[in-house]
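Listed next: structures, encoded as structure tokens.
Shared chain: chain A. Partners: chain B in the first complex, chain C in the second.
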Partner chain A sequence: MTVVQLVVNGLLLGGVFALSALGFNIIYGVMRVVNLAHGDVVVIAAMVCALAFGALGLNPLVLLPVAVAGGFVLGAAIHRLLLRRLPAETASTEASSLTLTFGLSFFLAGGGLALFGGSFRSVPFLTGAFDVGGISIPQAKLLAFALALVLAAALAAFLRFTAAGCAIRATSQHLEGALACGVDIDRVRTLSYGLGTAVAAAAGALMSMIYNLNPQMGVQFTVNAFAVVVIGGLGSYAGCVLGALVLGLANAFTSYFVGASLAEAAPYVLFILVSLLMPSGLLGRRTA
Partner chain B sequence: MKRERFIGGAAAGFTVASLARPASAQGKPITIGAAVSLSGIFSDGGHYSLEGYQLGVAHINARGGVLGRPLELKYYDDQSAPATGVRLYERLINEDKVDLVIGPYGTAISAPAANVAERYKMPMLMAETADVVMFSRGNRWIFQGLGPVQTYLYGVLSMAHDRGFKRLAVIGGDTAFPHALANAVPEIARGFGQAIVYQEFYPGNASDFSSVVEKLRAADPDVVLGMAFPTDSLGLIRQLKQSNYAPKMFYEAIGASDPAFVKSVGRDCDGTLSAVAWNFAAKTPENAAFVRDYQATFHREPDYHSAANYSAMHVFAAAIKQAGSINQEKIRDALATIRVPTLVGTYRVNPANGIQLGYTSYIIQWQNGKQEIVYPGNVATAKPLVPFPAWSSPNR
Partner chain C sequence: MPLLAVRDLEAAYGDFKALHGVSFAVERGEIVSIVGANGAGKTTTLKSLLGIVHPTAGTIELDGTRIEGRRPSDIVERGIALVPEGRNLFREMSVEENLTMGAHVPRARRSARSRVAAMYERFPILAERRRQPAGTLSGGQQQIVAIARALMSEPSIVLMDEPSLGLAPRITLEVFALIRQINERGTAVVLVEQNVVQALELAARAYVLSEGKTVMQGSAAEIRANPEVKRRFLGENSPP
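Showing the complex of A and B:
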């Protein structure tokens, strides 16, 4: 019985990890930008939801569309105003975008602190659990899990079946080829950065019901997303979900059978193992 | 560095303008230096601390200051980081030339900050330090301004004893203060014939507690003692609900004592016990004025950090008065021997090591979304709700 409960807990935790890693994965997959400001967007969205709940009684589910729209605008603006201005296609682009998003992360964390204060906030909504034959299934995590699957599937479908999605895939697979076919690279990148940030903000809305957060905790989500994405395979959405579920299960079982103090180390152990044995991740493209 | 100076200066300016208006205190201010955790993991408590200092200074100045001089607070944000705290105390003492210092928040920063006070022979009143380890190093200049760790625990274990509960579980973040609390449990528990059946420390920044709660369920304790800061206290209680697990008594040492706890956790807080160093319901005239002015100034309820630090300012004032001048050696001697009635009890330390003897703690319980005092019985505002109500119970 305990083992079943641990599996459920691990899978649901994995769903939460997946949700927070998907946006990170989009931006890396298309732009090769390791977005270090990812977690800060998650946390800021969570702060906004916590404030809206406290002041207006609006729950995060109602705010989900607002978070997605706001995240998209924020991400598109960040790309238009900042990332796009980096020297294009020089050998240092990855390094300079890393530096830029690193700075952006500090800016967002500091701005969040000035705006929301350092207090921990959370939204007491959907805090209960379903009881299925003695196994507890927490509602908020179940929702995060479901949303992660839906988003991953929607993203995969978008990339596969729409013109914009094809342009994004073309850009991520072969930049020069896409250019030669007349793809507007700039637009594709703005779209992807907006999309990635929108998904991060959606994740934040759900996280506000799961975690107790303050504006300075973004880095934890960034590191976690990075671990998930590397384990799953950079740029692969199915891999992202799989990597997250593996991590969730590892966390739950390590915590129970070995000790809680080592559970947080589990992602890094897996990270190192995957990096050594399967450098392109569980489901990553071999030609990374 | 510049940023800290700006924040400190700007906030101090606001305080003087809006609160102090010294009636008769003239002359060169007596400066009290502080590192406060205004950002980072201790910032919830840090803001209460700062407000306590500010109101204490304002009240003392409104009554003419000390030795005819106003008190002035000089503070910086230590960002909840021990290394920053140490640097800031060195700066307060060496560059800002403050007259006295007040200790920072939490064991992790207090322990190294105490060394700075000892090195520069600067009296430091530690109103945020329940841990006692730093008072056993042959110290001379530091004084405890909060009840020691034992006072956090005695009440709740006594309540458990009265009900015949013998099995304890101790969980907490893997950081200094939760360990200090956990280390104080066995001795008190032995006295009550209680045993620890499960103990676990999770990482200080842990966010998922599902496996910890499964282990609690397996260990089946009567009383769960969570040595939890605001970061993990909410995660723990939420996980109890999500795992549909309810021990007979559930206690969260630090996080659940924050009056704002209910905002994050909602009515799920009901039944949770915590310890506070200050009785918000005490009917003394000072307490009523403190609560009234605090709410008028800061637009929220004070908590025990506010009260302990407010009291610390009054202890400083009394010690300076007794010393008769700003002489650190004489103020030190005064701090070691005086008795000062305050909001949080009568200040009285062991002159040999500075450990607080006069302050005590109260056990509060969240009931109907409010904090009620449930121990000790003679000042209780409500009957304790034991056992902790099941999650499916209709009166939640």
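Showing the complex of A and C:
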């Protein structure tokens, strides 16, 4: 029974990890930018939600679309005002974007600390649990998982069935091919960064129902998302979901059998193992 | 007025200057071949025409309008399409999605469905493979997808970069027949091709590039008869 309980816990957590990592993956796929500020957006969104819930009593279901919209505007602005101004078509673009998002991460973490203080916050919404044949399913985790699935499905539908979504996928698969088709790459990049940040903010809104967070915990979520993307395979959206479920399960089992503090090491260990044994990830592109 | 007029085009990759003065013109509905050794600047010229590489000097006129320095999205919208070297397909997207991407520019997007249907009629093999990821097709089929994708925007001029690269001789002949067919429908073609003999058979006129410059021009027959071209590109020795 314990194993089933751990599997349920791991899968519920993995669903929310998947949403967060999908945002990271879109940005990497289209722009080849390893967004080191990703986790800080997750945490800031969680802080805003916790504050809005505490001060105004706003339901997380109301806060979620606000987080998505706010995240999109923030991401699009970061791209237009900062990333877009990096020198293009030079060998150092990836390195300079890494430095820029590293700085942005510190800025967001510092700004979050100034605005929200260092105390831990969460959204105590649906604190009860369902009992299904002896398995306890926390209501908040179930809701967060379900909402993450809905958002991931909406994102997948957007990428598959809209012209803008197809342009994002095409650009991530072959930049020059997309240029040859007349795709406005600058616009696609702004859209992708906005979308990736919106998804990170949505993940933050959902995380606030599960975790107690403070503004300095962003790096943990960046590492989680990065590990998920590497485990699943860089550029693969299906791999991202699979990688997140693997990480969620690893987290649940390590917490139970080894200890909660060591569970934080799970992403690093999996990251190293996958890098050594399956360098292109579980479902990654096999081509160089 | 030519459909496309390129004058004294220069382009660079960082500090490396790849084009030092390329000039050529393409009339409506003709095939022009660009010949040159590896590194002569052929691919860079085509990329400059489409705005993928930004020219540092010179002019490009399409139908009398200057287009140098414009973005690829704008240039494709105005009627130039590229079949890139190596095809550059979206390997994990289906054949149909690849074709639809060819009609991504606003001018073509509204009628994308009917254009895809027209391509299926023209290339039945694509209809058979419509749901298949493009990366899983054979080399020849991938080349047909790349050509059909370029035609989706109904361009007035198609730039073809090494369309026979990596294809078996029989498939190469089919691709060349396809290029002729496209041209017979009124689309001008700029053909960059390693297979110089066949390229010159297909083209009305040709230009020779060397070290990023246009060094020779003339009818395809004149270029084919030139001793220097014979020696360097056709593998024939000049008579003693």
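Going forward, the second predicted complex is superposed on the first by the 281 of 288 C-alpha atoms of A that agree within 3 Å, B and C clash if a C-alpha of one lies under 4 Å from a C-alpha of the other, contacts with A are read in each partner's own complex, and residues count from 1 in each chain.
One rule holds in what follows: a contact is a pair of C-beta atoms (placed from the backbone, for glycine too) under 8 Å apart; a residue touches a chain by one contact, two chains touch by 3 or more.
Predicted, not measured: the structure shown is a model, and the values here were computed from it.
Peer 1: Quick check on the superposed pair: does A:Arg189 touch chain B, chain C, both, or neither? Answer first, second, both or neither.
Peer 2: neither
Peer 1: Please work out whether A:His38 is in contact with chain B alone, chain C alone, both, or neither, and reply first, second, both or neither.
Peer 2: In the superposed model, A:His38 contacts neither chain B nor chain C.
Peer 1: Contacts for A:Ser261 in the overlay, against chain B (first) and chain C (second): which applies, first, second, both or neither?
Peer 2: A:Ser261: touches chain B, not chain C.
Peer 1: So, does A:Ala178 touch the first partner chain B, the second partner chain C, both, or neither?
Peer 2: The answer is second: A:Ala178 touches chain C but not chain B.
Peer 1: According to the contact criterion defined above, which of chain B and chain C contacts more residues of chain A?
Peer 2: Between chain B and chain C, the winner on chain A residue contacts is B.
Peer 1: May I ask you to decide whether A:Cys166 touches chain B, chain C, both, or neither, giving the answer as first, second, both or neither?
Peer 2: In the superposition, A:Cys166 touches chain C alone.
Peer 1: Quick one: classify A:Asn9 as touching chain B (first), chain C (second), both or neither.
Peer 2: first
Peer 1: In their shared complex, at which residues does chain A touch chain B?
Peer 2: That would be residues 2, 5-6, 9, 13, 50, 54, 113, 117-124, 127-129, 131, 136, 138, 141, 211-212, 214, 216, 220, 251-253, 255-256, 259-261, 263-264 of chain A.
Peer 1: Using the touch definition from the top, list the residues of chain A that touch chain C in their complex.
Peer 2: Residues 90, 163, 166-167, 169-170, 173-174, 176-186, 285.
Peer 1: Going by the contact rule at the top, pick out the chain B residues touching chain A in the complex.
Peer 2: Residue positions touching the partner: 38-41, 43-44, 46-47, 174, 200-203, 205-208, 210-212, 214-215, 218, 230-235, 238, 241-244, 260, 263-268, 391.
Peer 1: Contact residues on chain C for chain A in the complex?
Peer 2: By the definition above, chain C touches chain A via 14, 50-52, 71-73, 75-77, 81-84, 88-93, 97, 100-102, 104-105, 109, 149-150, 153.
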